[in-house]
Amino acid sequence: MTKTKIGIIGGAGYTAGELLRLLINHPEVEIAFVHSTSNAGEPVTSVHGGLLGETDLIFSDTHPLEDIDLLFLCSAHGHSRKFWEENSRPDGLKVIDLAQDFRDESEGYVYGLPEANFSRIRGARSVANPGCFATAIQLSLLPLAAAGLLPEKGDINVTALTGSTGAGVKPGSTTHFSWRNDNISVYKPFTHQHLKEIAMTLSQLQPGFSSEINFVPVRGDFARGIFAIVTLDSALDEEEAVKLYKDYYASAPFAVVSDSPVDLKQAVNTNKAVIHVEKHGRKLLVTCAEDNLLKGASGQAVQNMNIMLGLDQREGLRLKPSAF
Amino acid sequence: MTKTKIGIIGGAGYTAGELLRLLINHPEVEIAFVHSTSNAGEPVTSVHGGLLGETDLIFSDTHPLEDIDLLFLCSAHGHSRKFWEENSRPDGLKVIDLAQDFRDESEGYVYGLPEANFSRIRGARSVANPGCFATAIQLSLLPLAAAGLLPEKGDINVTALTGSTGAGVKPGSTTHFSWRNDNISVYKPFTHQHLKEIAMTLSQLQPGFSSEINFVPVRGDFARGIFAIVTLDSALDEEEAVKLYKDYYASAPFAVVSDSPVDLKQAVNTNKAVIHVEKHGRKLLVTCAEDNLLKGASGQAVQNMNIMLGLDQREGLRLKPSAF
Amino acid sequence: MTKTKIGIIGGAGYTAGELLRLLINHPEVEIAFVHSTSNAGEPVTSVHGGLLGETDLIFSDTHPLEDIDLLFLCSAHGHSRKFWEENSRPDGLKVIDLAQDFRDESEGYVYGLPEANFSRIRGARSVANPGCFATAIQLSLLPLAAAGLLPEKGDINVTALTGSTGAGVKPGSTTHFSWRNDNISVYKPFTHQHLKEIAMTLSQLQPGFSSEINFVPVRGDFARGIFAIVTLDSALDEEEAVKLYKDYYASAPFAVVSDSPVDLKQAVNTNKAVIHVEKHGRKLLVTCAEDNLLKGASGQAVQNMNIMLGLDQREGLRLKPSAF
Amino acid sequence: MTKTKIGIIGGAGYTAGELLRLLINHPEVEIAFVHSTSNAGEPVTSVHGGLLGETDLIFSDTHPLEDIDLLFLCSAHGHSRKFWEENSRPDGLKVIDLAQDFRDESEGYVYGLPEANFSRIRGARSVANPGCFATAIQLSLLPLAAAGLLPEKGDINVTALTGSTGAGVKPGSTTHFSWRNDNISVYKPFTHQHLKEIAMTLSQLQPGFSSEINFVPVRGDFARGIFAIVTLDSALDEEEAVKLYKDYYASAPFAVVSDSPVDLKQAVNTNKAVIHVEKHGRKLLVTCAEDNLLKGASGQAVQNMNIMLGLDQREGLRLKPSAF
């Protein structure tokens, strides 16, 4: 059986690195090129830690789209649209875009959240991979939305912490170790760009949904992971809520509902989102842990690829958790 | 001028250690004894890091209350009441209790939050030092409560992260480095014991206040500090809210209102609570950073001592921030 | 093809957890039982993070040795000898002991360092898995020893840092997060128990070797990994030394010689030891990074299992590096 | 009594920030200006964390040397010489340079290591403040050098870890949180620039000393502190060695010899170097913990200032250790 030929654009960034760490061991694909303007000619291992001894790939300065079956776009936000303005797309080429450029499902892109859009992704030619925060927050709310049980009015409150890898490879003051270590801070409160894609999905599932999501993103002092804390009013009791979540995710291999409280490291270095549901008074508390680079980015991209290629969703994603 | 003579009970715990690190350099006090059942006879430096070369104090197995002017009770919750069942209190002895035993203001104790109760603390014989979370959350809400502007109904949402020192010196699974490092988790959601003292203070300031405080405590992967994120509906616009906070804290040396977003390390190793106020739509966002062992415990205890002794509140508390 | 049936003794510890995280995805084995006295009846996921949704294994209170092909002993040091005093060993049963009980190659055990003893391990019925520090230090010196180029007299100086998981699951003062975070300290200098097994291997390769290894172990403020820094006098120039190391490890998939300086996270969550060699004046500097729970423990145990079973050494060990 | 007027050049860097955090509470000085080209006009608190509410200082674009008594040069290495090429120095102006420009004692500068050069510093008009690594390593060796007991030939081996603040405020790849967190790596082995000043001091104390110091600097995954591990041959037994160190440092308030093994956090946020001495076979093991920004930089600069001004060395340096 021939392997699917893969190309990667934006090969020097964090999401491309994580994609490479996954695809190198994926049994059904081979990497045709990893394009990087700034690192062309250099070995991939010079940039991406942990791959030494496992690959001889060299960053390429060309990206022959006609030679591949599927393209991952890993460039910065805005660059994906630009890429398609400057390059023509072969007919049979599948595309998964990790930037936010097409998450509004423009240009025929399907929003690549498998737990919401599995069958649409299966048939898709183009998939827009969700944002990291957006994935954790949506997975915390999908079962309620699908059942039409999100509050019509009233607040949905979300506080979510992200690891420093969410800010990308370029060093800056808020990713400086001297500042970030042991530190906590808030950024973009109530205005984070992921709110748009969250609202899109939730209103697709629960037409008429228009409650405010009060989202306070927090910079955490760890490198990998997102931990989301969601509270909202609900008429369900705890048992009903837990059943709703377990039923909804029964066939989703990477959305795991835990009977015990979750901690971030249960999800780190896996493609899982680990979800826990409690009820206190009239408030439902949903917590969700994921790895921002895996289920929140490159892992989900591989999951989408698997679905688009008709493979088992888990192919190449049975990862050893780091646990510590 | 004679110095105030100090005794400490429960000398081997974290709050006693921090108290010692403060009092050793306090110009108006001398430490008469540091009592510890488990460490009697050992040098204080054998337990409390950072003091080597600065003190020759030895843990004592006696606590002669008649020899001192002021007693700090640093034992575990519940042990302060027990201590007074087993010991008689000299008439002139002032007491500051760092446990939660008398935070309900029973037995004549005054709740020792200077930003709310300054004049009552000044005249007090017994002070119950507030909880660490309780301090940060109250300082985030006091100006509104004092103005009668807390919402009568509707939610006050609080997510607050604490450092591992909040869990005390005894090792356990959730303070094991292998687990805690790079990890995030929720505990006691909606049920944390500090909610009681918060409600007491707020309803003293704003009679009739009875809104729910939805408090989700979070274990952070740092040793020192509390970072509180508070959101609530408010009719004030941002300018009015900031002015309200600045006016309320105008004479409070340790409650600092910042015009810029705060980060945890602005407060670490100081006795300050650094507070920031923003408005987004109808939501007020208040963030507050403090050091859980200082403004959240032993620093506030020294501040209370200063007030009780008629000293400048800042005496012994002009601390070099660690900053990094 | 029938899978190899595996039993695990001491199932609640860190090395057993890591073994489970590996074996669950190993294509050639199935886990027959995971024995734990203290956790019998509980799901394995209640103790071992990251496995939720991936296994339904329950800790067992029996260990039917006749039902399995290979046994991993993951108990504390000293308990392996005791286990064999209390249990009789079926003839065909292969054993890999992760404790230090048989690292002296007593009782027919082969010391399980594949880069030194590959062919002996292949034929072995019993393997004693090396210590974590011992692995890193030996891999830093093997090529020299095999060439008879370790200094006959003079010092070999080793400083090596270990993650907190090296100290096991039981909480204690030196693994308390409040103490360990951002902290560095030395323990067991010049006397660490791993020196014995290091000396054994080196003198097997270079008969007559008897130089002192001045080993200062250091507690690092991270959870996973060992970073060893080795300096010694050498007559080789840098080019010769690098060639010696690359040649020696040419067929060793998990000993990777890097042309650039290494950092710890290049090895974390992989079974690799990443090694770098430099020459300064008459001093050779060898640095080696490994994951203490993988190449330093459970990963190497699986590597040894693969060799004993005649499988590709890498089976089940093509792990996604965590990288961050 | 009039206070000493202080000027600071290079006010936006880490050492200037730490100096400000110290001098703000120093009873004998007042800060006349803090010069910063890049931040002129901005409040000092906009750059230096932890000072909010404690100072209204504004970064200045002028540096009127005639208005001050003592100048701290906190610019990057090389800029101090340049500064004096471009500015003329008033006769009475004392200078403390934190860069390495004059650590060779050129231009009349005295090398500002008080534990070696107290009386020369007392009379000095110009002091070159030692490097951070250099301080820790020299304090580990001074008593031996002063007694003429450093080995004439043979190795002195030093491995020392530094916090990320040692790399300065400018973000880069090795201070990126995503890379540095939980990571360990070596840099500039055997060639670190501090070796020069170390050799100078040691040969001043022990004429003829010319042994190699094999120094391997290590990047630690913490923000503050240096932990040095020094091993060397010695004819002293442990008791003699400890006595030598205690005697040598008897009158040095900031060099504390500990009877127990030291850990880094015993020194963090203090101006102390905490030193421990052990003997193993023929090897002396000296470990030394200091805060790189305090005893390793700005704290030592204030100590030097105190000595130059005839004040108690400890003035303004009785700091609360952070301990955690």
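Letters A, B, C and D mark the chains as written, and numbering starts fresh at 1 in each.
One rule holds for everything that comes next: contacts are C-beta pairs under 8 Å (C-beta built on N, C-alpha and C of every residue); 3 or more make two chains touch, one makes a residue touch a chain.
Quick caveat, the model's predicted, so the values are computed rather than measured.
In terms of the stated touch criterion, the partners common to subunit B and subunit C are A, D, listed by label.
A centroid comparison over C-alpha atoms places A as the chain most distant from subunit D. Between the Cα centres of subunit A and subunit D there is a gap of 46 Å. Between the CA-based centres of subunit A and subunit B the separation comes to 40 Å, rounded to the whole angstrom.
Centre to centre, using the average C-alpha position, subunit B and subunit D are separated by 34 Å.
Among the residues of subunit D, those in touch with two or more other chains are 14, 49, 163, 165, 178-179, 181-182, 221-224, 263, 265, 268, 324.
The part of subunit B that touches subunit A in the complex is made up of residues 155, 157, 159, 161, 178-179, 181-187, 189-191, 212, 214, 216, 218, 220-225, 227, 229, 231, 261-265, 268, 278, 280-281, 283, 285, 287, 289, 324.
Every residue of subunit A that touches subunit D in the complex is listed here, in rising order: 14, 49, 163-165, 167, 169, 171-173, 175-182, 221-223. Subunit D contributes residues 14, 17-18, 21-22, 25, 46, 48-53, 163, 165, 181-182, 223-224, 253, 256, 258, 260, 263, 265-270, 272, 274, 293, 318-324 to its touches with subunit B in the complex.
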